[in-house]
Structure formats: structure tokens, C-alpha cells
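Shared between the two complexes below is subunit A, which has subunit B as its partner in the first and subunit C in the second.
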Partner chain A sequence: MSGNNVGEKVDANTVNSKNISLPMSRVKLIMKSSPDVSSINQDALFLTTKATELFVQHLAQCSFKKGAGREKNTLAYSDLAHVAEETETFQFLTDILPKKILARDYLRSLEERGEDGDD
Partner chain B sequence: MASSSGNDDDLTIPRAAINKMIKETLPNVRVANDARELVVNCCTEFIHLISSEANEICNKSEKKTISPEHVINALESLGFASYITEVKDVLQECKTVALKKRKASSRLENLGIPEEELLRQQQELFAKRTRNAGVLDLTARIVYESAVV
Partner chain C sequence: MAERPEDLNLPNAVITRIIKEALPEGVNVSKEARRAISQAASVFVLYATSCANNFAMKAKRKTLNAGDVMAAMEEMEFERFLQPLREALEAYKKGLKGKKEASEQKRKDKEKKTDAEENDKSREEETLEEEDENMEEEQEGENEGEEEVEN
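Entry: the complex of A and B
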């Protein structure tokens, strides 16, 4: 990125509501809560915010396309969990997915173990 | 509506903003509440992912501030290269808008007086006025004196 436009930093006032939906101030707070992150250039913050928006759209679209709810026009938690496990780019999300297992698998494992609930 | 919890871990993007985006991306789709909640948390996770990666890249470059370049490289290395063109375009668009606004407000287009003449008059006024006159005041006087002349 060239330094031509050094004077024209993008801030919350110049951002057109058509361009961005997420609050940059909140994104900044979240970034700063990451360990070791010190200072962030304003344009870098803008890029991150915009990238996060694209991420939400991308995640929602992917999950819906590959999801079981597609025919019924619904999007469920499991659709998201599924896409996180199956898609390489979304795999970082598996960290925050609690290990949900299918009810039927759970019931089956219960039957197999008898009465001992081992989890 | 901002909660004043001091806990960093509770920081998330406002639910309403996410709901709006989901609605725009998947119009007419019914989205479960726990799915929405998950998207909110995924956002936070994504931001952390990008920040950490950009921060590492920044440290390696021995700079102190995370720059746009660092963010772009982070997106690339994490498999989000497909976002790069669009984010760059939007940033450029915003800068262009900002630049236009600045130029428009400094040109005083409504007067039809060329900029050089305005500058000359402004110089005269600077010489006449005390230091306490605010810029707006000066501008107003330029307008007034031009109209009178």
C-alpha cells in the first residue's frame, strides 16, 4: 500500500454507511484485547473491520449452501458447526465450538456403555 | 446499550449489527438464535485471528504499529486472500470521498471567487486582525468584504 494518501486517514466520520456496517471502535477494542497487540494504524483497523464483515457474509453463505436447512430455508447452529469442521479456512472456529455431538450418537454411546455417563 | 463489563472476553460485535448483516446476506432465511450467537462469537474469533497474525508480521518487520500491509499479508497467509481485493477497494473509495470533502470545504465554491484572490484577501485580513479571530470569523469576513467590494 503506497504512502500517497497519508493525509487522508479514514475515520468513523468519513466512512459512508454504505461501505461499512460494523462499528470500528468495537473492532478496535477486540483487537487490543489480543495479547501483545499494541498500536494499530487507522487504515489497518478499517481493513480489519471490512474483512470481518466479509467473513460474516462468507460464513453465512457457505453454511447455508452446504447446510441441511437449505431446503427449508433455515440456518441452524449445526450448519455453522459443520462448515467449520469441513472447510479449511473456517477450521480455526472449531476452537470455540463446544464439542456438540449428535443426540443419536450420544444416546448410542450411552447404550453401549450401560449406565456409566463418561463425559 | 454498551455493557460496562470490564472483562475483555465479553467484547463482541453488537448483535444487531450481525443480525442486519445476516439478513442482508440471507434474505428470507430463518436463522436460529443459537446460530446467530455463534456468528457473533465467530466474529470475535476472526478478529483475534487476524490481529494476532498481523501483529506477528508487524513484529517481524520491526515496526511498532500494525499497518494496512500487515493486515493484508495476514489475510493472505490465513487463507482469506479472496477478501483482499474488496477490502482494498472499499478503503480506496473511502479515502477518495474523504479527499473530496476536504477539497470542497476549502474551495468556497459558492462565491465564484478564484482561490488566489481569496488567499490574497485572507492575507490582508490576517495582517489586520488580531490573533484571536477564529478561522470561521475570518472566512465570514472575507465573504462579507467581497460582497461589499
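Entry: the complex of A and C
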């Protein structure tokens, strides 16, 4: 079923490789929200926008490849959190992609820690 | 420009499209995953900007340039982006050149027209403002009248 998708995927990447679809104005706003940035030249803005697109592609692909939902053909939050923790280049994302754990597991780990402290 | 927090997000529709194009067809991306990738992209922009800015500051420049962004990518260990970025920048510059020539021609044509129209426009605006003021006064008068009737 998914056998003929492989070729299409490569195509999609190469078609999009030269131009950008994210708005540069928005990227500029985000860049300027950083306090010590005074001005950005047009080429730098273009490159950052393009790099952001490559980053989104790369993050999605890595998370999907290493994710648990591959057989189910899904990409879930847990796949992203997992890849942020495991891959060095994505480590800067761990703050905004925290691993979710169940409240009861968290409480249990707190209890265990408490018991350790008492001993 | 008024800065609202949602201005620091990237447009969801575009992010969703990029994700869809990156993955094999038919993959279902959860809403939560999409939002997380979008937030990650914003953080990526900030991280790249801060890295690039360090390079600019080291060189005592105030303006970020293309070299700073490329150096930032290397520092962030995204070397895999360097080659596609170089190619994209080249294509972008070529495209700009073509556009510039076309728009300069357009601007020249427009300038001739707008010069002639401008004088008429400023006169129109003046008269419009005067009319607005008159309308406001009339409305206030009407409201007062109504209140008196009700009482």
C-alpha cells in the first residue's frame, strides 16, 4: 500500500528545496523579540526562514522514524518528546517538549523518593 | 507594531503542510504533535538568532548577515542544512534580481500616475473629515432628544 509513496516523498522534498513557504515577516518578528538583536539583513532573514522549514521537516521525519506510531501510521506528541530527549541536536527542545507521565506514576516516584530520604 | 503573544507563533496551516510533505502520505499527525512542532520551530528561530547574534557581536557588527546564520547552523550541529541553504539563498537572490527589475519598471509607470492623483486626493480627505465631525454632533443631539422623550 505504501510502497509507491517512497518516490513521492523524495519529490516533495526536492520541489520545495529552493523556495520558502513560511512568512518572512513573522520570522523577523520572532527574531526581533530577542533583546540583543538590533538589525537583520535580508539574506540572513531568508536563511533563517528556510532553515526553520528544514528544521520542521527534519524534526517530523526523525520523530516519525524513531517513533512508536510507525506501524499505526501516526505521529504523536510522545514521539516528539522521545526524540527531543534521545537526539543530541534536538536537546534544546526538552524544555518545551517535556515527557508526559501519569499523575499516579509521578506520585509513586515522589513516594519512593520520600522513603529513600527517610532511611 | 503592537506585539501580541500569538505573533510569535508561526502560521499553523503552513507548518502542517510542511510536516505533511515531509512524511509519507497518509500519516496521521496528532493535533498535539502539530502544536508541539510549531512551538519547536519558534524556539529554533530564537536559538538560531541568538547563536548568529553571538557571531555578529564577536565581529563587532550590529547587523546579522548570511554568514552569521550559516555559522550558527554549524554550531547547532545542523550541518546537514548548510548545502540546501546555500542553494536556496542563491535561487532567492536570482529571483530577487528578476523581481527588482520588473518592479522598478512598474514603479516608474506608477509614479507618473500617482503624482497627478495626489493633489486631488488630499483635497477629498479634507472635506471628508469635516463631514464626519458634523455627523457626530448630529447624533449626540438625537440621543439626547430620545432620552427626554422616555423620561
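The rule we apply is simple: the second predicted complex is superposed on the first by the 81 of 119 C-alpha atoms of A that agree within 3 Å, B and C clash if a C-alpha of one lies under 4 Å from a C-alpha of the other, contacts with A are read in each partner's own complex, and residues count from 1 in each chain.
Methods note: a residue touches a chain if its C-beta (ideal position, glycine included) is under 8 Å from a C-beta of that chain, and two chains touch if they have at least 3 such contacts.
Computed from a prediction, not measured in an experiment: that's the story for all the values here.
Visitor: Here subunit A is shared; do subunit B and subunit C fit on it together or clash?
Guide: clash
Visitor: Which partner chains sit in contact with A:T52 here, subunit B, subunit C, both or neither? Use first/second/both/neither.
Guide: A:T52 contacts both subunit B and subunit C.
Visitor: Across the two complexes, what residues of subunit A are contacted by subunit B and by subunit C?
Guide: Subunit A residues touching both partners: 5, 8-9, 16, 19-23, 26-27, 29-31, 33-34, 36-41, 43-44, 46-48, 50-61, 64, 73-77, 79-81, 88-89, 92-93, 96-97.
Visitor: Touching residues of subunit B toward subunit A in the complex: what are they?
Guide: On the subunit B side, the touching residues are 8-9, 11-14, 17-18, 20-22, 25-26, 28-32, 34-35, 38-39, 41-52, 54-55, 59, 64-72, 75, 78-80, 83, 86-88, 90-91, 93-95, 97-99, 101-102.
Visitor: Touching subunit B in the complex: which residues of subunit A?
Guide: Listed in rising order, the residues of subunit A that touch subunit B are 1, 5, 8-10, 14-16, 19-23, 26-27, 29-31, 33-41, 43-44, 46-48, 50-61, 64, 69, 73-77, 79-81, 88-89, 92-93, 95-97.
Visitor: For the complex, give me every residue of subunit A touching subunit C.
Guide: Against subunit C, subunit A makes touches at 2, 5-6, 8-9, 12-13, 16-23, 26-27, 29-31, 33-34, 36-41, 43-44, 46-48, 50-61, 63-64, 73-77, 79-81, 84, 88-89, 92-93, 96-97.
Visitor: Subunit A touches which residues of subunit C in the complex?
Guide: Residue list for subunit C touching subunit A: 1, 3, 7-8, 10-11, 14-15, 17-19, 21-30, 32-33, 36-37, 39-50, 52-53, 57, 62-66, 68-70, 73, 76-78, 80-81, 84-85, 87-89, 91-93, 95.
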